[in-house]
Amino acid sequence: MESKYRELKERAWAANMEIPRRGLAIYTFGNVSALDAKAGVFAIKPSGVAYEKLQVDDMVVVDLEGRIVEGTLRPSSDTRTHIVLYRNLKGLGGIVHTHSTYATGWAQACMPIPIYGTTHADHLAEDVPCTALMTDEAVGRDYETETGNQILECFRNRNPLHTPMVLVAGHAPFAWGETAEKAVYNAAVLEELAKMAFITRGLSPEAARLSDRLIRKHFERKHGQNAYYGQK
Amino acid sequence: MESKYRELKERAWAANMEIPRRGLAIYTFGNVSALDAKAGVFAIKPSGVAYEKLQVDDMVVVDLEGRIVEGTLRPSSDTRTHIVLYRNLKGLGGIVHTHSTYATGWAQACMPIPIYGTTHADHLAEDVPCTALMTDEAVGRDYETETGNQILECFRNRNPLHTPMVLVAGHAPFAWGETAEKAVYNAAVLEELAKMAFITRGLSPEAARLSDRLIRKHFERKHGQNAYYGQK
Amino acid sequence: MESKYRELKERAWAANMEIPRRGLAIYTFGNVSALDAKAGVFAIKPSGVAYEKLQVDDMVVVDLEGRIVEGTLRPSSDTRTHIVLYRNLKGLGGIVHTHSTYATGWAQACMPIPIYGTTHADHLAEDVPCTALMTDEAVGRDYETETGNQILECFRNRNPLHTPMVLVAGHAPFAWGETAEKAVYNAAVLEELAKMAFITRGLSPEAARLSDRLIRKHFERKHGQNAYYGQK
Amino acid sequence: MESKYRELKERAWAANMEIPRRGLAIYTFGNVSALDAKAGVFAIKPSGVAYEKLQVDDMVVVDLEGRIVEGTLRPSSDTRTHIVLYRNLKGLGGIVHTHSTYATGWAQACMPIPIYGTTHADHLAEDVPCTALMTDEAVGRDYETETGNQILECFRNRNPLHTPMVLVAGHAPFAWGETAEKAVYNAAVLEELAKMAFITRGLSPEAARLSDRLIRKHFERKHGQNAYYGQK
């Protein structure tokens, strides 16, 4: 009677509820999933349900082949994108897709977000990457799987835990992390970076990227072997 | 004693109350109507009443000839525009007029909103259209009826349920839907699309529209015969 | 014991409290006054008091010569500007000074706000005027009185009740109305017009003003002899 | 048992809690410290703790050599920057570091914020200064101390109490004041000035600075010997 995925669904639900609270989506836009790597399943938002009405038991548990393991609602239409990412990017415990306003503005312009400052370097050591546009041929195949492939292609030579976010060209951002909670944090940071960079570029279209030395310093302050930000 | 339009007025009232809640208008700006197609009447916001004070019984019930059927207040000054739309665009169950900030910014620039991304294509498969400017001659006739005609002219070759929103040049947006609730949803989505497109254009004035293939894919994912977004 | 200006102070206080509620100022910025034309006195916000702490009895009652009639606090440092306006612009019952963000952005650019759309024309039938810059000589005289003179100079050939708002170049906006409540309404509308026009100009630096015919139509719909907006 | 730094920690805590309330930072970004000049110690936010969870007893008390005097958590990673400023800029009683959106946008563009209007001149009599970029060599030394030195270099010929804010190039703003409360006020004012100036520059890239005469007038109205703003 009590689901063995109760805790997983609770984590997924709590992370989804952060989406409207952080202003990252309106109505039913966006979705978060939380992975149980050992069990090989993840819990994800049902498709087209408004956040105001979302309940823990609405979460849908899906395995990495796309089979519904638990739940009575249809899972997010982006479920197959999540599957591609979980199967191919190692270490992910949560994935978020939003249409947050500024990040989507950059994705629509098909432009990576330049690493203009230390707020950015605190979180990733390069521009926020932007995928190539999906080819018409790929659109004609399984669209959501192809969205995952579009991201994989972009991450061929990247460490997804060091660059936990991406802009899908002409579409919108995805972010991820070791947990669903961390994934939403990264999605919110991305939106803030996107807004700051919009302002910087508006003031100075030729604004320079941060120096490599400073990028390294800030990134390692938070993420390196000798990180000294936060509590131990 | 109990009005036979009670439920219609309640739907119109609830939809009107979404306008300030979604940040789509300040003070008394904007109005929503809900149609009872069988009865040939609609309930609409009274003119110049602030949302904070709006009551269900303030709604005015008007027939498609413009006669007041129920209510003690004057209906919205835009009532005749609603009538033109209900009489000529088939399938509308609700209409919204707002002066939401970004959509109005585009309407004032007399520019359609380019279909830059999938957020847009999820809702309509073309640019958000912008009407021609009203001629001085038309302004001199019945102004609110002419505003409706301005929109009709723009929708001569359009399916209003596939393109449920429009910018009236030099003025502001209208949106509609099969219900008043859906109409407000479309008005809120329009404001978000207008803001995203403002950001995209600020970053890259030459930003390209989404490919036709991708537009079709996204639009049909939500609206086509084999739509698979949301719950069945 | 009971002040004969109680009601005047209450009106001034309530109008001042709208300033933070409408997002028109932070901290102690801004001030509103309410005039009792018969008594020849007005109640105004005390200088440098935060809105969160403002009480009705903090309002200072001042006559049109600038003498404090009631109150223990210092009146707003802009009091003499209010006096110049009340003495010279006929029909004003309330005056508001804010540093609202977008209107101040235009004032700092020393640019009038073009009448791009009907939201604007619903409230005034011309661009929001911007004064000339204050000369160094005038700064050296009584500064707050000179701010009033700067506005008067700009309104030499204007009807202040038809154009109830102004940008003071290099400074910030003033707005007014027949009551203090209406003055705050005009200040909030000005901020919205300023934001919409910023967006329009960002999209299209050559955007055209509304046609004279349409300006007249909208303005008279709300303000003309045959106005038909709102309830009778 | 009762800490002798209780009141200092309470002041630091209250000032830190203003950061999210004024919208100056998300998550754990930003930090405020409050100095007890006599005791030669200051209380500062612990590193990486979210504002929602922050308690008075989480504050860390540190002396001007960087030794922890009281507290069980690690102090902010920016603590050494605060120390450099307290030791070298006379009269500071509180320091704030934020990554507020518009101010950071200017800092990333490595541009001082032009003194376009009186809102700015009410608070400082010159552009908001922007430091030089940190050299790679300095990054390789003690980074947080060097951030302090970067600011000191910029303030060689400036009175820090007359110019209570700075942009660190490629990074973000710092602000300060005679108390921690005043420091947060200055940080919030800076964000507002940054947004207003972004709008002004967007409207008119050649917008002129305020005249020296008017700058002096406004600054002295609030800060000069004969200041007449606020209550005595």
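Order of writing sets the chain letters: A, B, C and D. Residues in each chain are counted from 1.
As a convention for this text, contacts are C-beta pairs under 8 Å (C-beta built on N, C-alpha and C of every residue); 3 or more make two chains touch, one makes a residue touch a chain.
Which protein is which chain? UniProt says A, B, C, D = L-ribulose-5-phosphate 4-epimerase.
Model, not experiment: these values are computed from the prediction.
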Other chains in touch with both subunit B and subunit D: A, C
Figure out the least number of contact steps between subunit A and subunit C, where 1 means they touch directly. 2
Where subunit A and subunit D touch, do the two copies share over half of their residue numbers, giving same, or under half, giving different? different
Rounded to a whole Å, what is the gap between the Cα centroids of subunit A and subunit B? 33
Touching two or more other chains, which residues of subunit A qualify? 198, 202
Please categorise the chain-chain contact pattern as a line, ring, star, complete graph or other. ring
Which stretch or stretches of subunit C touch subunit D in the complex? 26-29, 46-49, 73-74, 77, 99, 101-102, 104-111, 133-134, 136, 139-140, 143, 170-172, 198, 201-202
Given the complex, residues on subunit B that touch subunit A span 22, 116-119, 185, 188-189, 192, 195-200, 202-204, 207-208, 210-211, 213-214, 217, 221, 228-232
